[in-house]
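Please find the structures below.
Common to both upcoming complexes is chain A, partnered first by chain B, then by chain C.
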Partner chain A sequence: MADGITLWGLTKMPAGEYVIQTGNYIGSVWQASPELTPYGQGIADNYPTQIPWYLSFNVTEAGTDTLEARRNRTIVTRPLLYDVLILGAHALVPLPANSIVPNPQAFIYLNISHNETGIPWATPNRIGHFPVPAIAGIDTGGPTSASIAVAANSVVRWPEAFFLPAHSRLKLEFFVFGRADLPGFVVPLRLIFTLLGVKLVNLSAPAPQFVTMPNGAIVPVGSRLPWYSTVPIGVFKSNLRSDFQIDPGKQTIQYFPPQFCDVEIHGIYSNFINGVLPQAEKLSLKLVDVDSETAWEPSQSPTPAVFGGEHQANPVMPLTLPHILKGRHRMQLMIQNNSPDPVVGGSVTLVGVRQCEY
Partner chain B sequence: MLQLEHMHRIAAACYPETQAEGSKFWHDAKPVKFGNSVAFAPTVTLADYQIPGDSSYLLILRVECYTTTFVAGAPGFGLFSPPPSGTAHWVFTDAVPITDDYRITPDEPLHILVDSDEMLFAKGGQKLSLVAALDPAPDATPRVIRTLVYAYLVGAIIADRLGPSETTYFSE
Partner chain C sequence: MYYAFTKYVLQILDRYMTHLELIDTIPLAFTGLVQEKPAPVFTNQISEDALYFGATVDFFNPEILVRIRSISPQYEWMANDDPLPQDTPVTAVAGIFNQVSPIMPLVQPFFIKNQGRLQMQFTNATNNPITGGRWTWRALRLSNPINGGWDYSMGFN
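For the complex of A and B:
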């Protein structure tokens, strides 16, 4: 029996002894915790006490103004007594009965940063935020006349666990799309956002500074940051950052902002697969890693074959293989709208892990 | 001459490291010409070609198009005239005839797609068509629209080296 194999409820520890699984130990020696990434597991291994952890907060904004500048909310989490490993998120987005937008959750955008580093998780561009379903499982609470219920994914697991040290805070900046030219396009900002993770308690040692990855690399804790890169699909119609569309029969190219460091791209979310356009299969795409002579798609693919949406179990559709986007390289996305309808406010979000602090 | 120049540039654009490698690229590109001569109609197929099933890709590099009439005494008899006005798109027409889902370019004003250079890849095994929606004919004289496409059957390595720089289209 190999080390760490669970037998009759017992787990063999590295020193050779067997312990009863009490559920308060999530470590690599347990080998039964596929929910943790090697990085997250390496951090958790330093803590003898580990407790499931949930933190919920309301995000509401009563106004019905279509101008996005007035439709922001910033939430700062309270400092916590213990370290936390955040693994995923959930968002309860009750649907208004009279919403003309079929999937309002796809129009609520978010950016997250940790107050100790200030590094935004969204790449900087004209939008600078990413849709909530790219980071949180969506539950709409029930169907309405205008919308169908969404509960396919209660929790979205992040591409990498985020280590939130004790006494520090996360800042979440929400912003809601509006369009000056379409006053009825009002998305209510009303959700309950929940962070899910593991509370880590070790009263006898400080937090770990480094983690050994499976390839032997020793990386600083905090060096693997969730990375969300969102680009609009189409052409901006005004100076509002949310006011863009791709017309029927048109093609556009979008470039994702490059990073100074390597990025692992794990999956792709798009807010128009289930929301903006009922015929997402008539949008076709090609993805290119611009600075690589071979990384391109030779034929156009329907967007639902590559992008995920909030109605799916995996709203962030995993790539067939995580793609390493080299530092200073750009991803290029060509989208062609073969449907008879415009796609308004559609965006595509690459989801991955930033390795800048390696 | 244009074909030889295209061939030369295809091989050179692959940035071969040796002459032998460059020679491989040269021999892996096969010129193809195709195109139709059609009369004015609301929807016409300006050009179509069945790409061989065991070819990797077709690379379109140049599309020429003009309008003329051979009715003796008619205005413009025997003269080269510009392509008609309208819109066009490249589309795969083998699966379902002219289904928008299989477009490989957007629907653009005709001048963007004809009488212009092109750098467009199409997958092997497909029937590829350049379909146009034309404005009405200028008069009752029977006129023909002639289209000629310079394209190249290329292998996967050539496509891989050139592919990321494929043309994109924009118009508003």
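For the complex of A and C:
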């Protein structure tokens, strides 16, 4: 491997050490240590004062409707006086007292965009959102809750720090999926969503314009955006976007929407790896980058070997190394349901960083 | 390594010759009422500068809310300033005593000058409100300052 040249994720530095361009760690675990990525550190280095920052908002809707069109809620954050580096998120999902949904948080979806660019973090497809546990640690209710109560990882670290300049806004679009197998069931939307970050204060200099990455590349601030690509598992049963399932013994192939630029894929989250829904280990998968001649998988693997879930310490299970998905390449996912039960509303989310503005 | 020693943190630590463990527990004085909002509580004042790294609570209810600000220097941590502000669930800030990682590191360690304090305003849960409750900060006491130690006006240089 030549010095300073990125081949497929690792870069050998002049001093001889190898670094991952995104930093020498990956993963969504927060409690190991909220260390900054090189991109985040490069931004923070310009600010002499750094203060813990939390922004919480209530996304509660008392009467979530059975109609999809009425199950949306959009939150636009207020402009802030200072720049902020957002690193992760937390979501409190109090369970309804008589809930029969094993994991309602898995069915609350989200899309985020920044008003300065309008670029959605979720890739555009029929769902167009990603499950909240892919981006936020989940706590549900108190000590008597039937479900996970407190997750092993109550804050999920994002694949890349997001720089929110002062006086700009984030738009968060929540969408509650229904339960197609329970007609008429009203899904509750109760959520206190918290963004975690660092308030950056520098009264004597403007915000930085560029950051030098570990491989020497100089990238504009704002060019590395969190990226979430979600596909449903199975086939749609109606014209609703939340109504899909894979039946026992069936096999489907899904394609993740391609991007026009390179994307670093860091890990994978799935909303059915939770120990509650039917036998995730009996679903097998094969995941390939179909436009790469050398990328292939020799066998089918059980989904818990590849996908993370909100019950785990690392909800977004990291790849062994971030995978660079070249522009206009597509990831293909084959899923086969070997369990005796259908999987309803299951989805898979690739989590990474898009480099479109490099 | 459990805690992150970012460049910002190392810059502060470099200004002191001695770094000592500091553990500060504050009782919350909940009486078990739904959505009870007792008077704000404060960290204990100490005679030296300190760097706060993480926190834990000794109760098990993520519906309890908190709002934190520092007093001298005065910084708001919670950015929601709506007319009816949404405070932050404790589990976004602190670890819980019976979990695999009972101490949750702060998103960025926070520096407090000597005699400074953190103010914490708690709100009891809607479901299963607790009685009592204690919050514990894990921190470093910074002794023997070099050239006066660190201050917010210094920055990286």
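The definition used in the following text is that the second predicted complex is superposed on the first by the 307 of 358 C-alpha atoms of A that agree within 3 Å, B and C clash if a C-alpha of one lies under 4 Å from a C-alpha of the other, contacts with A are read in each partner's own complex, and residues count from 1 in each chain.
Following the convention adopted for this analysis, a contact is a pair of C-beta atoms (placed from the backbone, for glycine too) under 8 Å apart; a residue touches a chain by one contact, two chains touch by 3 or more.
Note that this is a predicted model, so its numbers are computed, not measured.
Report clash or fit for the pair chain B and chain C bound to chain A in the combined superposed model.
They fit side by side.
Just to be sure I read the superposition right, which of the two partners does A:336 touch: chain B = first, chain C = second, or both, or neither?
Touch partner of A:336: chain B, not chain C.
For A:235, select first, second, both or neither according to whether it touches chain B, chain C, the two together, or no partner.
first
Which holds for A:53: it touches chain B only (first), chain C only (second), both, or neither?
Touch partner of A:53: chain C, not chain B.
Can you tell me whether chain B or chain C touches more residues on chain A?
C
Answer with first, second, both or neither: which of chain B and chain C does A:327 touch in the superposed model?
Once the two structures are laid over each other on A, A:327 reaches no partner at all.
Can you give the closest approach of chain B to chain C, taken over C-alpha atoms and in whole Å, for the superposition?
Superposition on chain A places chain B and chain C at a least C-alpha distance of 32 Å.
Common interface residues of chain A with chain B and chain C?
none
Quick check: in the complex, which residue numbers of chain B touch chain A?
Touch list, chain B to chain A: 57, 87, 89, 100-101, 103-107, 121, 123, 159-161, 163-164, 166, 168-172.
Under the stated contact criterion, what part of chain A meets chain B in this complex?
Residue list for chain A touching chain B: 235, 247, 249-253, 281-282, 284, 286, 288-290, 292-296, 298-300, 302, 332, 334, 336-340.
Which residues of chain A touch chain C in their complex?
30-36, 41, 44-45, 48-58, 78, 80, 84, 87-88, 90, 92, 94, 137, 139-144, 149-150, 152, 154-155, 192, 194, 196-199, 202, 313
Where on chain C does chain A make contact in their complex?
Contacts found on chain C: 1-4, 6-8, 60-63, 68, 75, 77-82, 86-89, 91-93, 95-96, 99-101, 104-108, 110, 125-128, 152-156.
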